[in-house]
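Following are the structures in question.
One chain, chain A, appears in both complexes that follow, with chain B as partner in the first and chain C in the second.
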Partner chain A sequence: MADSKIIKSKYFFEEDFTEELAEVSANKYADWNKKELKVVGKPVSRVDGYDKVSGSAVFTFDVILPNMAHAKTLRCPHPHAKIKRINTKKAEKIPGVLGILTYENAPKISWYGKSFLFDPHLRYEGDEVAFVAAENERIAEQALKLIEVDYEILPFVTDAAEAMKKDAPKLYDDGNIRGGKPSVYERGDIDKGFEEASAVAEQTYKTQVEIHNPTEPHCSVVNWDGDYLTIWDSTQGVFSVRDRVADVLKLPASRVRVIKKYMGGAFGAKLEAGKYTVMAALLARKIGRPVRIALDRREMNLSVGNRPDSVQKLKGGATKDGRLTALYQYSYGAAGAHPAGAGCSWALRTMYLCPNVKTEEYTVYINAGRARPFRAPGHVQGFFALEALIDELAEKIGMDPLEFRIKNHTDRDQVFDAPYTSKLLLDAYRVAAEAIGWKNRPQPAGSDAGPLKRGIGMSSQIWWGGGGPPAYATLKLNRDGSVRIIAGSQDIGTGTYTILAQVASEVLEIPMEKVEVLLGDTAVAPYCGSSGGSTTAPSVSPAVRDAAEQMKAKLLSGAAAHLNVSESQLVYRNGVIHTKGKNKKSMTIREIARKMGERVLVTTGKREANPDGYAINSFGVQFAEVEVDTETGKVSVKKIVAAYDIGRVLNPKTLENQIHGGIIQGLGFALFEERIIDRNTGKVLTTNLHDYKLPTVKDTPQIDIRIVSKGDSKISNTGVKGVGEPAMIPTPAAIGNAVYNAIGKRIKSLPITPDKVLTALQS
Partner chain B sequence: MRYFDYIQPENIKQASESAGRDWRKALLYAGGTDLLGLIKNEVESPAALINLKAIPGLNGIEYSEREGLTIGALVKLSQLSAHEVVREKYSVLEQALKETASPQLRNMGTIGGNLCQRPRCWYFRGDFHCLRKGGDICYAVDGENKYHCVIGGGPCFIVHPSDPAVALLTLDAGVTIASAKGTKRVALKDFFVLPEDDIYRENILQPGEIVTHIHVPPVSEKTVSGYIKFRERGAWDFAVVSVAATLRINGDTIIDGKAAFGGVAPKPWQEEKINQKLKGLSVKPGNFESLSAEVLKEAEPLNQNAFKLPLVRNLLKRLLVQLTAS
Partner chain C sequence: MKKINIRFKVNGRQADLNIAPNKRLLDVLRDDLGLTGTKEGCDIGECGACTVVLNGRAVHSCLILAAQANGAEIITVEGLTQNGELHPLQKNFLEHGAVQCGFCIPGMLLSSYALLKENPHPREDDIKEAIAGNLCRCTGYKQIIQAVEAAANENNE
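== the complex of A and B ==
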């Protein structure tokens, strides 16, 4: 037992492939049979449910330390400026102000590649100018107003198309296009592909900037104990924060401890250490007190990330019998003021069988907040455009859009030329099409009588989300038979505490109440990756199973020694080990643990390697039924049917949470949410939750979830694929196609607001 | 936020006197749902807050067949919409109240405060020194003006945000305004002002003047009324546009009627011509269609909000059809 080796591990995480050395488990376990499972796959209630519902859960935002100071950030009010002079003297004199950092007195720490923690060149409205710690937030805010800054106002650009022009104001000396050229992908011969096509569709689609706006704002509480720094952080990656902070403060990683217990959402905006965390650490060391920094809603809408916008010019060709011959994408998106990804072509490259594909993508700097990964970066934008184009092509060749998609189904990843470990998309199509009543959709589009017109649309989905090593979990068995799992992953609100406890409970056959899970603490937990990319459950749950299976083997070995029998004569059932046959002798876990003379038994489980030569992806489809009021332009989503191949479901309740959340977020992107920048001043207008319109419960449709997959044993010992991002990917595209089906006019830019619908109907 | 005095007067006279004569010096504090946001966002920086909640006599709802409804300015929106008489006789008001904001805000917000709330224009509320805040330009004219007014604007292009105000206009409501000098009663239609008359205020209140009561005349039994609020999302949103109508109907004829519109102008909007045409109109969809086409004839939309015109017209037509169906 406990075999392991070190391999080169590579898998997709958020925006790109990660590659690193990882120690992996070589242990093989029997594939779980769904029918025999007692805890895994069952609708177990969240272990953190009571804490959350009763309000006793302590989020980072709630952490209070003795003698804690409170910080606020002065942010640039202009989209583009340079600090000519800064004077903090008046602010320092306010009673209760403890310390102020600016570029003049802070260490010059490199940030965002070519910029700094404090950079006198301010590239967007919201860029950090000064950081103040005071006895309370109110005093800190007063101090911000007394800091005198003399700005040199610079010309700005807040639109990607404008920023790409030669004479546009430049954010960096080498121009506004990241890398100076597009990122290009090509397979086959695109020209030949279009020659073979009997129908060609060409269209430009646009998506808007979306802000993450999690419930809990970005926040940190930092405390120095000598040279030892502890950070409570609202983060998706405790190790990512630890490493960055240790690097920039030149501390050994062992002297930085990052803790995160509960978090009120992130959606990709909390995957890295924030500037505010490092500023707080610098100032806390200077003033000798713990410092708390929590951003307000305005800062959340300006400074901590967004889904970049996109302009996607797509062209597709198909034969009369519905075979895709060529797909082409030219697109650009705004990364904001600092390096970030704004690509969105993976959808077009991977979703459908097509031999001839070319994509050219530009990532463009503008004077606005920097983009960050946002729940399926690129895919949500990419699918909106691709799935609209697919529908348009289907209409051109007179084919049912679903049939057209089935015709272009592929069982191989065409970018890496590898088979998928599993792909049950065709099952998902069938189940979902029946559930929504696909056959009864209005045909032709717009033929419902009105004024309320009904429509049905669909979108496929692909994502990675197979996770991979390295991911480790330590399991401690206490002398009373209770268990603690310790892993360096984090529960970002999705139910990780619960599903990991279920895995241990299943393997060791002990009640959930006997399993405690500790996550999000770099000082005590073995490494796991950040919680993003839909990788947490698929990466960490197999490590927990490995640890639990090792523990079970240890217990069997201990019982065999004590009972003077061979292990083969023993049976493990419900946490009790007994001998086979007559004259049964038995021992409980508790008895073995005590006899072994150890207060605690420890095992460490590891995520096994992903299989060589395969692509691991999740698949799914959503069908949306909408009702469009043709007299007001309002789109109401009545129903979404979501069918998925996501490997094994560990817990139907947390799965349902994820899919509901993804669909509601997708609906917000489709219909309401948009960061709006004033074209004349370059300042953001949507800086609160009234102007930035998140969906409300009244906008939420009926949601029907169908899972067509069982565990995918090729991937891991739990056979899980992640569902966090897949849940959102197809929603805006399905809604967009449903609106077309309802009114017979295509809204090519998101969000689909009443003014756009009314204007389209009048044209 | 600067420091301010917190004043707790015991009667209107004291309240009025402590409000003083100086603009920007004191603000009246009722439910606080708008006030706190204004102060936090530094739209207002008052020297004093005058809490009205300890003043007796502003919390009641009274009804008589002769006088109609008399509503204290401090009555909460949720309290008013739940009132039996409002539910029975004043559907338009009940609907407008229930469509306002969110349950939490309706439990705190008062009817007086709702009528006196400040506009939601994102330039006015944001970090922009705009005309209404004493600056030199209206940023909306050439800026992001999808939610701004299509009529009655200039030099500022806000829309008035109140829902109940639109409903109350169709009911011929009035308000009592009190000050240290005494009280006066003003028709609601004369209460609101356009930017061309006063760029800094949305109503006629002078410093020291306080709305104490809202009066809604009795309605006859043959009256039907309703309110359609159009907003982009399902709840907790201000109206993109809204339409209110109160009609007295006899058989197939509208004897008398009033319509009013929200989200189109810097004040709750009525068109005398439309109300005249409602008088004697026979109940036919075709008539409603042609009447609705006459609405906002004088509108001059900005570059992003022309959609409000078909929207308002379609909603008026829809409301008239709904109210006359039976």
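== the complex of A and C ==
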């Protein structure tokens, strides 16, 4: 029992591979048979639903501490400047102002590699200049207005193509291209591949900057108790925040506690410690009071992350019978003012069978807010371009686009040369094509009579989503037979509380009401990774199963001791243990627990290792049906059919939420969301939710979800693959292809706004 | 700034307050009365997270000065639950999976509450119209519509 070992664990998280030592479980459990499951896989309502509908849920935004001060940040109004002089005297004199931090009085803490927490070199509109704490937010805001700053205004560049030019204004001494060169991937020989091709398509596609805009603002409340710092933070990663804050403040990690119970969304924007959190901690220590900092919507649109834009030049070749012979991508995207990933080539490298592939990607610094991972970073952009190219190639060789994709299906990951643990994409294609009525799409493209023209398009998708160790969960059994799961993961709105409770309820065969889940507290919970990369369910649910199975073994052993029988004579059913055969003797969990006095039984479960030699990925396809008004240029998405291979579904209700959410975010990206910067002033024009358009209830299409997988036992004891990001990846591409099918013209840049549609129709 | 006296009813209870005249209704609810169920998402009437019901109408409490609510009757999300029993809207939001992160939900509930008061038999388009000003970034829109429909049906039984 409770076998474990330490391994080197490597898996993909958001933009890159993580590799770390992890203690893993070596326990093997029987595969779950979907038919026999009672709680897992059922549409259980959220266990935190009551708190959220009653208004009693306390988000970080709602945390109020006695004597709490409120902070605000002064941000640079220029896209590029240096502080020549800063004077806070007048601001300090306002009654109610408690403290002000600037680069002059704050410790020099290194941030973003080559910059600092407070850096007098300001590289974008929104860069932090000063941080004020006051009795309330209003006073803090007044104080911001009285801080006098002399800026030396510097030339700026807000466009990646411009920034790559030799004479462009420089953000860093060594130039605007991150690392000074492109990141290159190559397999096979693309020249040879293009020679073999009988058709070649070449095209440039562009995608825009998208802002996460979760509903709950980024916020932290910090409190010092001597040198013990507690941080309530709206974060996707309590341990990542703890470690960063402890590092920069030079505190032992044991003296920093990060708590996050409920949060109003993140989508990648809250994966790391914010500058504001550290500033609040510094000022709270100075003024001897707790400090709350909540960003406003304008700050969120300027400063805390975005999906970088992309310009992608793609070239693809295929033979007459539909074999891809070569794929090439040259692309660049803007990281913003500080290091961040802006690549988008994984789509091209991994989706289809192709022996000759080359990608060259540039990540470029510009004077704008820094990019952060955003729901399937790189993939959403990459798939928009790749899937358009695939459709264009299919048309060139006169093949049905679906058939073309099926022809280029691969059962092996070609980058790592490994088989997938499971891949049911062909099933997904089949059911989804039928559900959307693929055969009845307008042919040729644009042949609908109009003025309202209907069209259908598709896109495949691949994402990592396997998760992996380390992820741990502690399970405590109380004397009444109820249990508590404690894990250092977090529920960012996805339903983690609920699915973990389901797993424990399933294994121990006790009602959901007897299972409590505590997440997001570094002081009490064992480590789990940040909630990102669609890794939470696949990483943490197996750790919970492991903990619950160990508890079950403990209970069996306790019952055997009490009943004076051997464990092999005992059966565990519905939370009761009985002896086999006649003269049944039995004990409930509660009775065993009570026999053990006041002790609380504890087990710790661990995520097992991923199988060696395999690639783990989630797969899926979406088909979109759109209607284009050729008179106004407006695109309406009527229907999306989404079919996925995501291993086991733990809860169809939360699954539906995830898929709807991803599709509608994808729809927003496809049709209207866009950060716009005025090229002449370098200022962002879309800093509120009026100018930055989010999808509303009125934009919601009909959504039809098909899951073709049952569970992937090669991966873990729960067989789950992630779905949060896969849900969004194919939507913009499918909509783009559907618009082409409707009007016979291709819109090569997102968002597909009415003006672009009308221009295309007139061309 | 000279403080002013205002009084209004929140969730059936009288509140007497002495406040700065430039306070928004949202600040008074959250900071002075501790009713943090009402959220803030944008401060300019665009997201709907701050929606409360004021004299029967759904309003953005971020756009209203507290003084403008003098003498009014206000309902916030905390007032929907009666004697520990969830309101049918709350129950159906929960059961239909309309709740994800939950941050937009109080506003959604109050927009829907005002709708059902005015129109107990809403069509789908009426529901969409009523919540079109409430942004949900997790976007459980379909489930929210279903929940409102189910609550309306229950009310009408």
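Just so we're on the same page, the second predicted complex is superposed on the first by the 762 of 763 C-alpha atoms of A that agree within 3 Å, B and C clash if a C-alpha of one lies under 4 Å from a C-alpha of the other, contacts with A are read in each partner's own complex, and residues count from 1 in each chain.
Note that a contact is a pair of C-beta atoms (placed from the backbone, for glycine too) under 8 Å apart; a residue touches a chain by one contact, two chains touch by 3 or more.
Source: prediction; values computed, not measured.
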First (chain B), second (chain C), both or neither: which does A:G633 touch? first
So, does A:H690 touch the first partner chain B, the second partner chain C, both, or neither? both
Could you look at A:V53 and tell me whether it touches chain B, chain C, both or neither (first, second, both, neither)? second
After lining up the shared chain so the two structures overlap, which partner does A:F267 touch, if you call chain B first and chain C second: first, second, both or neither? second
Report for A:I397: first if it touches chain B alone, second if chain C alone, otherwise both or neither. neither
Touched chain A residues, chain B compared with chain C: C
Under the stated touch criterion, which partner chain does A:T215 make contact with: chain B (first), chain C (second), both, or neither? second
According to the stated criteria, A:K698 is in contact with first (chain B), second (chain C), both, or neither; which is it? both
Report for A:V576: first if it touches chain B alone, second if chain C alone, otherwise both or neither. neither
Based on the superposed arrangement, let me know which partner A:I676 touches: chain B (first), chain C (second), both, or neither? first
Doubly contacted residues of chain A, that is, touched by chain B and again by chain C: 138, 690, 695-698
Sites on chain A touched by chain C in the complex: 43, 45-46, 48-59, 61-62, 64, 136, 138, 213-217, 262-265, 267, 296-297, 492-495, 653-654, 656-657, 660-661, 664-665, 688-690, 694-698, 700, 703
Show which residues of chain A lie in contact with chain B when the two form their complex. 77, 138, 141, 631-634, 671-672, 676, 678-681, 683, 685-687, 690-691, 693, 695-699, 753-755, 758-759, 762
Using the touch definition from the top, list the residues of chain C that touch chain A in their complex. 22, 30-31, 34-44, 46-47, 49, 76-78, 80-81, 86, 90-91, 93-95, 97, 99-106, 109, 127-128, 131-145
Using the touch rule from the top, collect the residues of chain B that touch chain A in their complex. 1, 120, 122-123, 126-128, 139, 142-144, 146, 230, 232-238, 240, 304-305, 307, 310-311, 314-315, 317-318
